[in-house]
């Protein structure tokens, strides 16, 4: 299972990277979203997939899956949510101020 | 158990939160902020004293009463507590400079809250003993920086902030990636525990790759070559006080983390990992100073000097001996002071003349001798002219590098120092020397002197750190010994 | 037996999801995509239900309800956006 | 006021469903939460909610279930038939129902049954525009709705 | 026996969900797809959720209110979701299938434009 | 432990400097120089009291720890060499300050700056020569560079002042830095910075493999400071400083710091042929180059500057020769050379100091220093003429002035050099007297030019700004005192022999001369008909001849392309001019301003570094077990996610893109359910939906996606980098997992599972971790959110245009 | 023909269900899936649904809150639980719990972690709604 998900994570990272390398503001934002998906899945995978029950002790199962990566991902999701929100607003404010979403035109000059 | 350790980040956090309610009352905001800044600084001194006097020279706190490595542990060792002290000092000075230079509209939009939240993140990052918690504090720091760097929403700012945010988000994602790998292998997040477990692994290949990823992550935050390209322009946008704060604190968080992880956890193959660091240190110095030389804008030049100095700051880590690391720590301390002073002075000059282009200025020394000499001293300190603080930093790095046979980096460091000198003299000779131009000065003498009142303490510190280098070196040597002896750290945290 | 049924159901639902993806990609109108997303949400409810049977636990029941709620909210938001370019109107009157 | 009590009670019941714990204390907590929510939204409640005619309601539900099963089978037939021979279209359906709740209920029932989907209301809410997958004749569509749902709703709500 | 009942519910649900998916592939325009998907999915959810409810009350002796609540919620919101999609599509100018037999809404909208309210 | 008076003598000028602005501002009626004069006088007198002690062969040592952690201690080591230099520094300091009082107008000049720098210099210079610790020496060394640069740039509104200041700073500090490296090497070899301790370990140093680099690095410091070819170029430009400064720093004292250092460290390094060849070789060449170039100068101060360069080379060559002679046991040669060096060092300070002051007087009184404009001043300023003729004749080596004595000793030692049999001297030794002779001829010529082109010949009033007068008496006293010394030392050279020269020579005493207990220095004007005498005579003869035929052969400078500027300057100017363009180019190329490029650097660095590390250490591993057990529906779901994600870059419509992203997000939530993470699934779904809503809200303000027009290379580079990143992440994930299953540390997570219920009172372990075990993460995670929200408010509502931050309060 | 009658009616009903569910998620989080963050996002989703179905002005009249204060308040509550443990001499953020037997409600677990989670809840609700309303109000 981990191999499959690791491959998926690789795909997510590749796509995210590709998007980040484009010149369009919005595609870059989408890239960051996919990047965090990849990172979160990776944390989960690194904790080991699918052993034991979900970590809710009320079920009285024999073994539980590792709860720590889940908690870490939760924190990470929340943080990337905040980051994405801020980045989105920054994106459109940038667009409005410069009237372009093309990073080629947002280079600025060397001697500014 | 010492709850004292939470104060450096909790106090600013609480005050930041409280200030949300007073966003429209700028006078009250300033009073609260100022008192907090002072309290934090005073407290940091006390805390440093406590740590220094404690038998282990290290205090720690198991947050939530969960013992390490299970809960999050805060560790105030010699290095982290020094960083906290310096951050509090820098914060205090910036705050008072900010009172005089920050526009009222900025104050209305939570400037001081963001300021304190940034300090929260920075101090937290210094104090935490948990790798994931470090990530969290990094993010607190970063998001505060995102907000502060774009605060005001000027066209230039927005454009460069976008790049800044994206670069850092990528680095943060890889922070998570690296933590995940490390967790998979070691099953722990506590840094002491990580150090312990990594040392027990016989397979070092993967660990070294993870180390490289961490180097990438912290290097991006710490502005190492070739990861710094986002920095020059994005730091240019915000007002001087924010640039100063960033220049002094943000890159330091990255460097601190590098030092921490590469002494505590990734210390198994220094011949490989630390050599890479050394190579990057040299490249960073060179490219940073070339950047500085390529500019005529005083703020830009000093921003590039951030990068150039970063090279020096991690040089000691790359050399990886107790003396070298002591040199690095001392250098970081010195740089925080001098960098802030330089940005303040640049800010004053820009405000005074209405331009940042040194070619358009001239002869300021006659009317503003104190400003000029403050700049000169700070600049010479940055270059490493004795007996200012910068000299002792460079000197100890060079002696220790020579001692370890790292001659190439010594050569690079010296050549770069010479170029640093050139770049700083260029500012001095253009701005303060030369013929007076027809610039009308936009600040009154009282205003300039008022602003200088925040610069003078910094200048005093760089002189004092130089003339009084002995106690400082006793401290940093002890800190470096602690770092080079990670088992002590591990034993204290995991008894 | 129920496990086999759940397995079969999940295979069926996986196909349904793949079909949704197809429509999502193909369009042609944006509403085809929205309906594909809506249907994905619904399908996921079933999928999670099956996983609950497989894993012998009720702990995902909140997930089911949340899926129901969110596919509604998402559909309304997307439709609203596509109708006039504004998700939240400032003042309707 | 009674409407609000009713709403409050239903929140309490929802709460019990959520908790999967059918006891008085759960109900009470749900009731308190409902009370709080109602207080929060006190200026916001303006629809009529009247659940007294339970029998009519049950009847309506049964009719609906029957219609729904038929509808789904119909759709299945259309979707699965090798050649698409549906004749879709939009039909204007005039209703006599008045209150918002009634109209909503009707439209929901219509939507959930035979290849029909309410896709717009006229501004005066008197006409429902119904998208139908397979129209034989407009009258037939209207007739079937009138006799099943609109009648049932009237019985329940009046 | 109860396992069979549960299985039937589950399978019916699954099949209808698949049907909904097939419907959005096969049907000719957005409106028919929305139309079909709305009810297929509702039916699917009801099927699987009832199966689920029964399974847990049978196998684990747990009455899950939330499963029932899910049914209720999907049930009351799905029509509105369909309504929103279809109406928005219409206002957004998504063309109705050219083989559609009638469009009363178009007629009425035309009238409305011809005879403004005031 | 306490500060000794000697420490105070070093520190006092610095402290005094701080109060100078006070004198300048508060007591403007009295020339600030009068206050300043007190301190060097006191120091000079105080230092004189050491002569008896030192001439007895004793040394005075005062210890004061400064930064003992780094081996830096402010120890004072006063021996003959140090005393000689400190007397020169303070003594000439007194004269120069007295001179400056008349030279600098108290109403027009920024005297507080001037004297501040000057005091700083004096303190620093005393520090250099009195310090017994190499690092303290270095500290003061750099301070002399600094104060020198500030003094050169004293008239900072002049372009040339700034040029000269920058040049002196860059050249001398670069030498300083290399010296720092050299000292560091010495420290690493010997474990100490204390000079006496280093000397004691001379065998260790000599045996070290780092001996040669250490020596070269240290010498670079000395050579830059003492203006040895090719580092001499800063000195002529340093003449932009006020003339008192030129007299003081750039001829009498600071430039001799390099000489001091060579002398001081001779015991350490002189045991090698390299030391000899480098020191003497550079010295000789500098001697020649300086004198040769001095002749073509037209500015009085330039002539003096090149003359200084030449004379410093001369002293340097003698030091090298002396050490070599000593090392090979040729004691007579040693004594001759070293005594000559020390004696000439003193003499040079006297005659060159007076000549600089004369140049200042001429400049002051006529408004120019250009010899082409000057001439016939003899009648207007007879005293000045007298002074200059004594100074210049001494410089030319003409009897009976002190310059004659030391010059002859120099020539003698050069002749002695041919007697050294080792060090290839048998074949190359002839160079020494030859170069000495040629250089001396040129020295003679420029000395004549200096005097006669200024004071004799035609008076050209039309070329002068003002009518020349004799200088005020205060301005004449210092040069008169100096030429007085020139004469006195000429007639009574031995008043210095025992008190000053002997202890100084004793201090340079290299270890090779262990058998010799004491030097007896006796200087006499007459040695008989020695080769040196013949050389002197021929120098004067040829010199006179060449001076008279000057115009005939001066074209040779044009022919050699030396007529415009010193060719070494082309190198300096070339470098300095190119630094900025090169820096610009180096910065411009990578700094494209394009985010994509910056990201590409990061990614490429990451990929290369990781691949390199993996290649270096190995460690890639993969566990393929359990792949077969993956249910088919998981494959489908994963494939769907991958497909949806892969589609996103190709989408041209932003809503489609966001729907596709949501699609991925929802399915990731499904994976979370599959992998038993209910809280995660809930959070993921909620965040995904709210994020989608945010995207839609922001779309109102954003444009539709564009087709990107990029070159195929751009796109394909991106593709390769992207694939690289994906492969990297996956590879590392698999390897980590493989290592995990092999090594199997117990995860700390078990602790949470075991204790959540009993000690934290919760069954949802994930939630318990979030609010309890790792509550601090959560606390700061919500802080992140809070900051984000407030930041968004600020971003949207706070719109400044850039003017606000200037002048706002 | 943009009559929203069914949307409005069903939203009114759905919102009550969602809000109840949200509070349930908050309170049950310690033992079941849920918690402050999830509960808060659920709450926010309900309010967002209101904003979407109706409009900003209508809903602002119903929910007259100043969201920045939510953030400050929530942060202070969360910190407060951490600080309160320090007052009693325990390490920062030590959580306590006890089982109380209350009349009517029966056996109830009281935890300081819940207070902490409520702080989280308030912050996240404030954050989400502040972000959304601020963006929605930005029309320049």
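Order as written gives the chain letters A, B, C, D, E, F and G; numbering starts at 1 within each chain.
As a convention for this text, contacts are C-beta pairs under 8 Å (C-beta built on N, C-alpha and C of every residue); 3 or more make two chains touch, one makes a residue touch a chain.
Just so we're clear, the structure is a prediction, and the values are computed from it rather than from any experiment.
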Contact-richer chain pair [C-G vs A-C]: C-G
Centroid comparison with chain D (C-alpha atoms), farthest chain: F
Relative to chain G, chain with the most remote C-alpha centre: F
Centroid distance [mean C-alpha coordinates] between chain E and chain A, Å: 32
Intercentroid distance (Cα basis), chain G paired with chain B, Å: 37
Rounded Å distance, chain F centre to chain G centre (Cα mean): 63
Gap in Å, rounded to a whole number, between the CA centres of chain F and chain A: 49
Interface hub residues of chain F, defined as touching at least two other chains: 584, 587-588, 591, 593, 595, 599, 674, 676, 678-679, 682-683, 686-687, 689-690, 693-694, 697-698, 701, 729, 733, 736-737, 740, 747-749, 752, 763-764, 770, 772-778, 781-793, 795-797
Two or more partner chains touched - positions in chain B: 13, 17, 20, 63-64, 132, 136, 139, 143, 146-147, 150, 153, 156, 162, 166, 170, 177, 180-181, 183-184, 189, 233, 294
Numbers and ranges of chain D residues touching at least 2 other chains: 14, 18-20, 107-108, 118, 120, 122, 129
Touching residues (chain side chain B, partner chain A) in the complex: 132, 135-136, 139, 143, 146-147, 150, 153, 155-156, 158-162, 165-166, 169-170, 172-173, 176-177, 179-181, 183-184, 189, 233, 236, 294-297
Chain A - residues contacting chain B, complex: 20, 25, 28, 32, 35-36, 38-40, 42-43, 45-48, 68-69, 72, 75-76, 79-80, 82-83, 86-87, 90-91, 93-94, 97-98, 106, 108, 110-112
Footprint of chain C on chain E - complex, ascending: 3, 6-7, 10-11, 13-15, 17-18, 20-22, 24-25, 30, 33-34, 37, 41-42, 44-45, 48-49, 51-52, 55-56, 59-60, 62, 64, 66-67, 69-70, 73-74, 77-78, 80-81, 84-89, 91-92, 94
Complex contacts: residues of chain F adjacent to chain G: 678-679, 682-683, 686-687, 689-690, 693-694, 697-698, 701, 760-764, 767-768, 770-772, 775-776, 778-779, 782-783, 785-786, 788-790, 792-793, 796-797
Residue ranges of chain G touching chain A (in the complex, touch as defined): 31-33, 37, 124, 127, 131, 135
